[in-house]
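Two complexes come next, and they have one chain in common, chain A, joined by chain B in the first and chain C in the second.
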Partner chain A sequence: MKKNSAILFAFVSPAAILFLLVFLYPILRTLCMSFFKIDGVTDAFSKWQFVGLENYQKLLSTTLFRISMGNLFRIWAFGGILVLSLSLLFAVIITSGIRGKSFFRAMIYLPNIVSAVALATMWLQYVYSPKFGLLKSFFTMIHLDKLARIQWLSNDHKFMALLIAYCFGMVGYHMLIFASGIERISGDYFEAATLDGANRLQQFRHITLPLLKGMFHTNITMWSVSSVGFFVWSQLFSTVTADTQTITPMVYMYMQIFGAGNSVTERNAGIGAAVGVCLSLCVVLIFQLCNRLFKDKDLEF
Partner chain B sequence: MSFFSKEKTYRDPIRWQKELRLAPAYLLLLIWIFFTVVLLGWVVLASFSTTKEIFANNLLSSGFHWENYEKAWVNSDVSTIFFNSLFYSLSSVFLLVLVCAPAAYALSRFSFRGNQLMQNAFVASMGVPVVMIVLPLFAMVAGLDILNHVIPNKLTLIFLYVGINVPYTTIFLMGFFANISRAFEEAAAIDGCPPGKCFWQIMLPMAQPGIITVSIFNFINVWNEYFISLIFGNSDQVRSVAVGLYSMINSMKYTGDWAGMFASVIIVFLPTFVLYLFLSERIIAGVTGGGVKG
Partner chain C sequence: MKRKLLYPIAVMASLALALTACGGSQTKESAKDEKSESKAEAGSKAEKADASAQSGDGLVYWSMWEATEPQGQALKEAIDAFTKDTGIAVDVQFKGRTGIREGLQPALDAGTNIDLFDEDIDRVNKTWSAYLLDLEELAKANDYEKTANAGLIAACREVGGGTLKSIPYQPNVFAFFYNKAIFEEAGVKEVPKTWEELDKACALIKEKGYAPITSDDAYILSSFGYHLSRINGYEKASSIVKDGKWDDPSVLAVAKAYEDFAKKGYFSESIASNVWPAGQNQELAAGTAAIYLNGSWLPNEVKDIAGDDFQWGCFSYPAVENGVDGIEAANFGAQVLAINKNSKHAEDAFKLITYFTKGKYDQKLSEMSLGIPADSDNKEWPEILSSVKPVMESLKTRYPWAASAEDNADMTPILKENFTKLCGGSITAEEFVKNLQK
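Now for the complex of A and B:
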């Protein structure tokens, strides 16, 4: 058995070492950094200055950071409702016995495999373009000139434009998860319900929805994880640095540490680390909430 | 397996009453897909037109302009970022299989101290925001003076892409190894095949469907990755497609070369799209299959 454990070690250690280097050590160090004042990211530990919770206090009293958290919350909440309801709707349609199911499914998932930069550029430079944009041409065609004149990328509409474009690309993934959940529900339930005289809507409300609990759990978790990392879309949609309409915590942190820009008053890597800790706490909080909300395991099927 | 294949060869006869009841459903899907097609189709057509035509909204009125692609590929150096990303993606995909397949096999097959802990840690790390790990990594990389040298910089990027995707790839592959019968290893052991050799020659080929699926995902992920590439590879010779495209778009907006910009977008879009065209069924099955719980 000695030989076997050597082989076992050889099999597991590369993955374990990479994990330690890329996840465990950086996570612990970031946590540590958030309690120190650090002038440069690359500074050695000896130059760090312990400040306790001061970084967090500073962060929470910074208007720009609070705006960025507000934006992130709006993206998470409104975008979440939009994406999850659309993807649930499409999942129900896809699994309702329509023809060309795999074609439709593949088409709806398609935006998920496209580079976010490419997809965002298509939206920005084509759909929302004030000169030759899709929305402008469409509304002009059906003579809604008022709508055609809307500047989608002006400050008033930018956030909505960003949210819609982002959500469009996310629907496919969540739809697949819902659809796999619906397909797992035994047809017997629906048959029995039909015999008892339940209509389509009642069946959905009393069979599909309760049995999709686990899928809601997965979807909300995945949606939260991807929202927290909201960065590319925000960077592409902002026209100035520190654009209050589109800034998210990750963009704020990037500006603080890596980006130039006049909005940075003081260079302190500790604050950047504190942003990371705050976002991680949000994820943990949502995980806990979800586990509590969807915890009952009595719905085995 | 491909985009166009039918789910099953047997087809139900068309029952018009049923289809008619589903009409609103079809309509909704068609509207959504029509929009997707218009979005992509217009950009493709625009990439073959001149900037003047794009602004006048009469695409292709002077025929196909292949030179947009030529200009983007040669003058704007799309070729550099394209081959950079191809190199990053392919190397990462290969290394990830090399690192994660043995680990996934060991984790799913053998009980040893720390097995469950490692699995839990891997699953948990998939929820860790990248901001939580980027600063120490940057300190490490910058401390080694890597960012000023092209080759070490490229290798560092690959190291990071591999490291970040290790948990996902391992957990995904575990599901595939768990489903392979133990009878194969037992037979191999009786025939005197050492466990190491048994893995590479028997188990790995048997997990091939999983390895192919996870490799496609890793390829797409690395190809489209933005944040890590932005922070660790933002110099001319190192840029990946996502970061390169972003800086290109910014400069093309000022030079007013919209046609060239759309051509660059299509070049970046093409590789993952072609993959998807042929492997969509496999990709879709993979989303809900292993790895991602659900």
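Now for the complex of A and C:
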């Protein structure tokens, strides 16, 4: 047994050592960078200026960063509720023995395989267009002129427009995770419940939901990680310069590291690193919360 | 003893296995590169070029263009001819805007072999100034300035801290572009030189049922920057934006001017929701709006929508009452080519730069990209840009990008939100100032 564990460690060690080198070093370096003022992200250590907690203080006192954190929270919370509810609904529907299950599953997942650039262009230049957009035409057709006049990409509606477009592409992915969780539940439970006179809603409430705890945990964690890294859609909805309704901490980090827009602006990779540290803390916090909320170890099925 | 040794030996063996696996693929990669390079070259000079490339004597050029863009295609053509003529191999890597912006500095810091690169005049000379070779001697030895655009060379020296560290090409100017047919239909005979004249022109255009002015979220802030710089001059305007001096009376004056235009209905109805390129494509090029403040690359960008019969006009941002600057000031500049100060082939690199920016290939670049030629001997501008020529030639003072409006990265989105609302008519000038002061 002793011999076996030595061999086990021997074969795990290379991966562990490489993992530490590839992941731990950047994490520690980022943490260290966040206490310095650094012009270029690859500047030599001799060029770094120690500023202590100044980068963090600056971040907290910068309105734009606070706006970006607010946007991130809105994407995570409202987007999360929207995406996870829809994915759960679709997952329940496609696992309910519906005809054409594979077709619907493929259709709902389809936006995931289309490039975000193509999807965003479709939403921006077609769906939301105030001239010939899908929404405008649709609302005009059903004589809802007030809704037809809404400028979906104006500052007041831009966040909502972005969120809808983003969530549209995310539902399929989370639906598959929920669907796999539902398919894992043995049909015997549902059969027994049916014999006992439980209707579909009761079965969902008392069998499906409790047994999907693990899937909720996975989905919320995945959603949180992808929300924290929210960048591409934000860039696509506000080209060249950032926008108060679409800016996220990742975009703010990019602006600090590589400069903002077409202007030559002051860069500070230290602030960028501080943003990274804050975001990591958010993910760790959410992960811990999820672990406490969704303890599924007591369930075996 | 044997057991004690077993663990470290096994670790070393596994590590070695992991690392050799990586190494193996690298070797394969480089072998593949060599193969593709040797396939690509033929002929005696080309063979020499191939040899020079493999021995590391060739040039490595990191380009800001994509290979599929007209500029990328024109440069590739020039490079092929250059290699054929001189026997100097050039490894051109089309990085695109983002690629070069994110990747150049780390690559240079890591000592990557890059001889020359290009980007916008300000970014190259300010952000990457520490990596640039002083080109004064090379320019003198090659009599480069004889046929170069004097104004742009002066701009390069100015942003280069008094010395020439970059060579301009693809010059551009940021000005009002307009649809001549709409101006004629509305009876606007002369291009506006003052804000009052612009007001009158817009009134006439509006009467004919067109939206006088449109813009997109990407460019709308330049209007604010231009107006603020017209009133104060660039330096003061920039300090207002950088230091957040929003209580300066000139900020309210700019807001009042735009509030007035918004009230008069001079802006497109969708100006508050135009996400680039909606305004330039669906309004200006489509012929429903008359004027758009943008760079001289605009006609090229919308040529497929606007069509061949679109008559392009151009005028400098008008002068404002009691302003420090007039129509002789604008954001003009160019893409610039620069040589890495650690390049071992600076002379060859300068030869290539000359090849790009003079004579036949400068003309070709201008024709293919519908851009302005850099060589002053290339007097023929693309027809589509003929109205830009007098504007470009009249400029004396240079503003950087957005003429101060985007000088404070932490304020740009907030400024953009409020300026867009101001143009859309949903806030007043006073609210605009108040929102910036928050």
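One rule holds in what follows: the second predicted complex is superposed on the first by the 266 of 301 C-alpha atoms of A that agree within 3 Å, B and C clash if a C-alpha of one lies under 4 Å from a C-alpha of the other, contacts with A are read in each partner's own complex, and residues count from 1 in each chain.
Just so we're on the same page, contacts are C-beta pairs under 8 Å (C-beta built on N, C-alpha and C of every residue); 3 or more make two chains touch, one makes a residue touch a chain.
Model, not experiment: these values are computed from the prediction.
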item	value
Touched partner set for A:Leu144, first chain B, second chain C, both or neither	neither
First (chain B), second (chain C), both or neither touched by A:Thr62	second
Touched partner set for A:Ala192, first chain B, second chain C, both or neither	neither
Partner chain(s) touched by A:Thr42 [first = chain B, second = chain C, both, neither]	both
Partner chain(s) touched by A:Leu289 [first = chain B, second = chain C, both, neither]	neither
Partner chain(s) touched by A:Pro14 [first = chain B, second = chain C, both, neither]	both
First (chain B), second (chain C), both or neither touched by A:Leu209	neither
First, second, both or neither for A:Met222, with chain B first and chain C second	first
Contact breadth on chain A, by residue count: chain C or chain B	B
Chain B versus chain C as contact partner of A:Asp243, first or second or both or neither	second
Set intersection of chain A contacts, chain C complex versus chain B complex	7, 10-11, 14-15, 18, 41-43, 125, 131, 258
Parts of chain B lying in touch with chain A, wherever the complex brings them together	3-7, 14, 18-19, 22, 25-26, 28-29, 32-33, 36, 38-40, 42-43, 46, 54-57, 98-100, 102-103, 105-107, 110, 112, 118, 121-122, 125-139, 142-143, 160, 162-164, 166-167, 170, 195-196, 199, 220, 223-224, 226-227, 231, 241-242, 245-246, 249, 258, 261-262, 265, 268-269, 272-273, 275-276, 280-281, 283-284, 287-288, 292-294
Of chain A, residues touching chain B in the complex	4-5, 7-8, 10-12, 14-16, 18-19, 21-27, 29-30, 33, 41-43, 89-90, 93-94, 96-99, 101-111, 113-118, 121-123, 125-127, 131-132, 134, 137, 173, 176-177, 179-181, 214-215, 218, 221-222, 225, 228-229, 231-232, 235-236, 249-250, 253-254, 257-258, 269, 272-273, 275-277, 279-280, 283, 287
Touch list for chain C against partner chain A, complex	3, 6-7, 10-11, 14-15, 17-18, 101-102, 105-106, 109-110, 120, 122-123, 126-127, 217-219, 221, 269-270, 272-276, 278, 282, 400-402, 406-414, 416-417, 420-421, 424, 438
Complex contact set, residues of chain A against chain C	3, 6-7, 9-11, 13-15, 17-18, 40-44, 62-65, 67, 124-125, 128-131, 151-155, 157-158, 237-245, 247, 255-256, 258-267
